[in-house]
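The two complexes that follow have chain A in common; it is paired with chain B in the first and with chain C in the second.
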Partner chain A sequence: MVVVVVDALNPEQGLYLLLQVLELRGDVILNLNAVDESKKAGVNVDVKELSKHTGVHVVETVAVTGEGVPKLLDTIVHVYETRPVHSPVFFDYGEKVEFWIQKISSMLDCSRNFPGRWLAIRFIEDDELVNRVCEKLPSIDPELRKELSLELATQRHKHIDVMIREAYSGRNTRKRLPLDEAIDHVLTHRFLGIPIFLAIIYLVFQLTFEIAQPLADFIENGITHLADFITRSLGSGLVSSFISEGLVEGVGAVLVFTPNIFLLFLAMGILEESGYLPRAAFVMDRIMYAMKLSGRSFVSLILGFGCNVPAILSTRSIPDPKERLITIMISPFITCSARLPVYVLITGIFFPEKAGTMLFLIYTSSILITGISALLLNRMLFKGSPVPLIMELPRYRRPTLKGLILYMWSKGKHFLQKAGTIILFASMIIWFLSTFPLGTSMEDSYAATLGKFVQPLLRPLGYDWKITTSLIFGMAAKEVVVSSLANLYGGQGKFMDNLARELDPVTAFSLLFFIMAYVPCFATLAVVRSETGSTKWMIFTLIYGLAVAYILALMVKTLGGLLT
Partner chain B sequence: MNLLMGTAYMLLAVVHMFKIYGGYDLFLGMVLLVEAGIYFFGFSENPAEEKRKYAHTYVGGIMALWLSIYVVLKWLINLSSAELKLPDLLLIPLGILAFVIARVARRRILS
Partner chain C sequence: MKLSEVPQGLRVRIKAVNIEGELRERILGLGFVPGCEITVGISAPLGNPRMYIVGGKMITLRDSEANMIEVEPVGVCTLEETAEGETYVVESIWRGRNFCARMRRMGIRPGMVLKVLSKHPHVTVETIEGARISLKHGEARKIMVSRRERHWQ
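Right after this comes the complex of A and B.
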């Protein structure tokens, strides 16, 4: 069963999809969403008439308020339980197209059990799926194929026009949302669009740091007190050290940044729910095109600010395989929320007065590195131009409190889940490695042995074995860098002072760049492998990231050393 | 109005970017420059396209309000340690004024 969700106010695209689905199967429900907005705009929809034209159940909903959702669920159950005969709907595409559909249908030799007529239509429309499921494909003049494809689209649009004419009223007289157009005129302005986007992002990061800081400080104090309480209660034995230093301080060092993460997602939620983010993609399309990518890639990359894993998964919507591969490989450069705690920690210690600005610099640098990498990889590996971006800009909406809280929670809970799983586990391991062998100082611990083994590679960057060990553990999840630093630099309450003493601001700044670009976390690498279907690209992503991180950090360290 | 507001924000941008009256914040200065740009481009729109001019006034006003909210929030959070400098202080009434003008522009766009 398929539920096709259609925007009640702008139904053309959705109805086009419905017609395509109906060509494949009949067990379809048409969900007409945002009916509140269509009513507000003076547009009324005759649901019965629409149902008569399409032959399927039509249910009206308002997703943001939940209105009509129970009815939609009832309809889904009803259609599933009654199991009516679900044969595909045949639309008459005219004599010539129908002749070719029949002819191609008889010539196709396909292994999968799809309707022959549907496969023939997909073949005419040059769908890759047909190549995958059919062994024998007919040869057809490309010009004829183009002509037939055009005719198919024209006929579908004619059907849609009839449907809308008979089921919709008040559509021709409605106001054309002049306020939306006015806002778009400025936000997507040729010269102003990109500066406005950068200004908004700057304010978002300022707020992420400034507003969240008192809350973060409050949590930090709480964790320090809890660790002290445990040490006082249990004494100074191994168990006490494990609980207070290993678990509470290790996980706590990361949990401190919960307000920053949630505030960042709140801001992203406002931008997305208000309808601004698609405009940002539209505005950035020009720049992306120069990098041989499109606004579609930008939409995926924007998701990467939350987490690189869904960003890579979302590249499935990019039709061009080369553009998709490039987007997958550059996605890890986009600063995910896991890296935010590390940035906030380091900027807070070394650049307290300008922490928000430093965050903005790091984020814009990550966008810049992503762009340069796209250009470089395109030059090195592929040739050709990207597919132009065609997108329907959604209407501007006032974000609802409920919607924003849901958005913030759905994105932010991942961080809390990680704190209770990967970070907790990593904190235990780090505590073990930094405590054992028993009776030795930390300088002779297993963690020190591991760090000192790799450290010569990072010595030109000025990183000691503690930072090296933290970076190694950060490969599991970037937040682990924070808990590792907390553990190796003396625990909550002390580690920030120790870090400030042992590291100079230039090395700290270069560390920010290294963390921004170095090896993506294991989950991201796994998704790169599954989405590209190749270990080769996963290894390439890993090595390329490491190389970029090293070069960037070295440049920052050298230039910073010269300037200070 | 676009010219007036644009000039006001341009002056504040210069103040922030060039350490005048103790209001040094290069990046905030650049944001203010963008804000001024919104108004200036509105001023340079074709006089026949009145609604486009109002569009700039409207968007500029909304952004100005956000900027003043940002300044107030920042000040409230750092209440114990930070004083409100004159260039930041000016952003608050200017933002409110810009928002009031934006409401008028909104009505003109919808009329």
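Right after this comes the complex of A and C.
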């Protein structure tokens, strides 16, 4: 069974899809959504008339308030149980097209159980799928095929015009809502569009930092008290050290950033639900175009601000294989929310006055690096041509509280899950490596040995073995950098002062850039491998990221050294 | 005329979609079908992509795709395509700031009513105030007008 969801106010494209689905099967339900908006615009829809024309059940809903959803569910059950016996309504596509549909469907030899008419139509429209399910394909003159496919589209639109003319009243498609038009005029303005986009993103990061800080401080106090409490009640044995330093402080150091992450998603939710995000893709497309990418990969990359894994998974919707591969390769440079804790920690210690600005700076450079990498990869791997941008700009909507909370929770819970699994596990390992061999000081622990072994490589950047060790652990998940720094620099509460004493601001600033670009976490690497289907690209991502991070950090360090 | 060349705000009828491949089906499905009317909306900063209003929905297209769609303006034509002795309203003047400014200095601006006196050797028009302006054919091709006889006294 298929439910086709159609925008009640502007149903053309949705009804087109419905007609295409009806060519395939009859157990379809038409769901007219956002009827509240169409009613507000003074549009009247005759549901019975629509149902008569299409031969399917029509249900009106308002998804944001949940109105009509129970009825939709009932209808789904009803259609499933009754299984319409009658064949779907037949839409006549004109004499010539019907003649060829007949002829082609008799020639098509298909082992799978698809309707012949549908297969013939898909064949006329040159769908790859037909090649896959049919063994024997008739040959067709490409000119005739073009003519027929055009006629098909024209006829479908004619049927839709008839439906709308008879079922709709009070609709004017030429005029848009005046307020929408006014907002668009400003937000996509010739000169103001891009500055406004940057200003909005800047504001998002400022708010993320400023509002979250008191909450983060509160959580931090709680965790310090909890760790103290455990130490006091269990004494100073190995078990107590494991629980308080290993688990509570390790995981706690990361949990502190929960407010930042949830607020970031709240802001992203507002941008997406209000309808601004597609406008942002529209405004930025000319720049994406310069990198031979499109607004589509822009949307995937935007997802990357949450987590690189879903961003890479979402590239499946990019039809062009070249664009898809490049989007996958550059996604890890987009600063995911896992890196935010590290940024917030370091900017908070070294640049407390300008934390918001620093965050903005690091995010813009991450976008810049992503763009330059896209261009570079395009040059290196393909002499690629750009991909088209065809996108619908939705109407502006007021975000609903329910929608925002859902959005925030569904994206943010990932962070909490990670804290309970990967980060908990990593904290245990870090504790183990920095405590054993027993009886030695931190300087001689396994962690120190590991860090000191790799550290010569990072010496030009001015990172000591503790930072090196944290960076190595951070490969598991970037948040782990925070918990390992906390562990190696003397535990919750004290480690910030120790860090401030041992690092100079320039090195700290270069560290920010290093963390932005170096190795994406294991999960991301695994997805790169599974999505590109080759280990080669995964290793490439790894080495490319490390090289960029190294060069970038060295540049920042050298320039910073000259300036201060 | 190519869709990418149509100035903002005009309504056009689609004549042909010369796009190949799977993109073609997508464009057709969205309503860019020969015979359909669409309105040209705002353009992004830097002029590309642009937004088109198709059946009430706003669809973005880059110029690289839009220039493969052949259209004709609805109720509008260029001054070059007008008939002698008829009256028209200037809808828009396009292509280039300098050209627009020069036309404005000559007294031609959007919204004004003019009568076409003769088309050879130059396109000569008379404004409602009685002033006569002579334009080259190339210039006349950049001025979009619509018929609106009722305004002429």
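The definition used in the following text is that the second predicted complex is superposed on the first by the 508 of 564 C-alpha atoms of A that agree within 3 Å, B and C clash if a C-alpha of one lies under 4 Å from a C-alpha of the other, contacts with A are read in each partner's own complex, and residues count from 1 in each chain.
The definition used in the following text is that a contact is a pair of C-beta atoms (placed from the backbone, for glycine too) under 8 Å apart; a residue touches a chain by one contact, two chains touch by 3 or more.
Predicted, not measured: the structure shown is a model, and the values here were computed from it.
A.B. asks: Both complexes share chain A, so when I overlay them there, do chain B and chain C fit or clash?
C.D. replies: Superposition check on chain A shows chain B and chain C fit without a clash.
A.B. asks: May I ask you to decide whether A:I367 touches chain B, chain C, both, or neither, giving the answer as first, second, both or neither?
C.D. replies: A:I367 contacts neither chain B nor chain C.
A.B. asks: Between chain B and chain C, which makes contact with more of the residues in chain A?
C.D. replies: Tallying touched residues of chain A, the top partner is C.
A.B. asks: For the superposed three-chain arrangement, provide the angle chain B-chain A-chain C between C-alpha centres, rounded in steps of 10 degrees.
C.D. replies: 60
A.B. asks: Regarding the shared-chain residue A:M288, is it in contact with chain B (first), chain C (second), both, or neither?
C.D. replies: In the superposition, A:M288 touches no partner, neither chain B nor chain C.
A.B. asks: In the overlay, answer first, second, both or neither for which of chain B and chain C A:L461 touches.
C.D. replies: Neither partner.
A.B. asks: Considering only touches as defined above, state whether A:I515 meets chain B (first), chain C (second), both or neither.
C.D. replies: neither
A.B. asks: Of the two partner chains, chain B (first) and chain C (second), which one does A:F191 touch, if any: first, second, both, or neither?
C.D. replies: A:F191 sits against chain B and chain C alike.
A.B. asks: Once the shared chain is lined up, is A:I223 touching chain B (first), chain C (second), both, or neither of them?
C.D. replies: Neither chain B nor chain C is touched by A:I223.
A.B. asks: After the superposition on A, what does A:H157 contact: first (chain B), second (chain C), both or neither?
C.D. replies: Second partner only, chain C.
A.B. asks: Just checking: does A:D126 make contact with chain B only, chain C only, both, or neither of them? Give me first, second, both or neither.
C.D. replies: It touches chain C, and chain B stays clear.
A.B. asks: Touch test for A:A280: chain B only (first), chain C only (second), both, or neither?
C.D. replies: neither
A.B. asks: With the superposition applied, I'd like the minimum CA-CA separation between chain B and chain C in Å.
C.D. replies: Shortest inter-chain C-alpha distance (chain B to chain C): 9 Å.
A.B. asks: For chain A, what residues appear in both contact lists, the one with chain B and the one with chain C?
C.D. replies: 185, 189, 191-192
A.B. asks: For chain A, which residues are in contact with chain B within the complex?
C.D. replies: Residues 178-179, 182-183, 185-187, 189, 191-192, 195-196, 198-199, 202-203, 206-207, 210-211, 213-214, 357, 360 of chain A touch chain B in their complex.
A.B. asks: Inside the complex, what are the residues of chain A that reach chain C?
C.D. replies: Those residues of chain A that touch chain C are 7, 9-10, 12-13, 16-17, 20, 125-126, 149-150, 153-154, 157, 171, 173-174, 176, 184-185, 188-194, 282-283, 285-286, 289, 295, 319, 386, 388-393.
A.B. asks: Quick one: in the complex, what on chain B touches chain A?
C.D. replies: 26-27, 30-31, 34-35, 37-38, 41-42, 51-52, 54-56, 58-60, 63, 66-67, 70, 73-74, 77-78, 106, 109-110
A.B. asks: Could you list, by residue number, the parts of chain C that touch chain A in their complex?
C.D. replies: Checking each residue of chain C against chain A gives 11, 17, 21-31, 33-36, 39, 42-49, 51, 53-62, 64-65.
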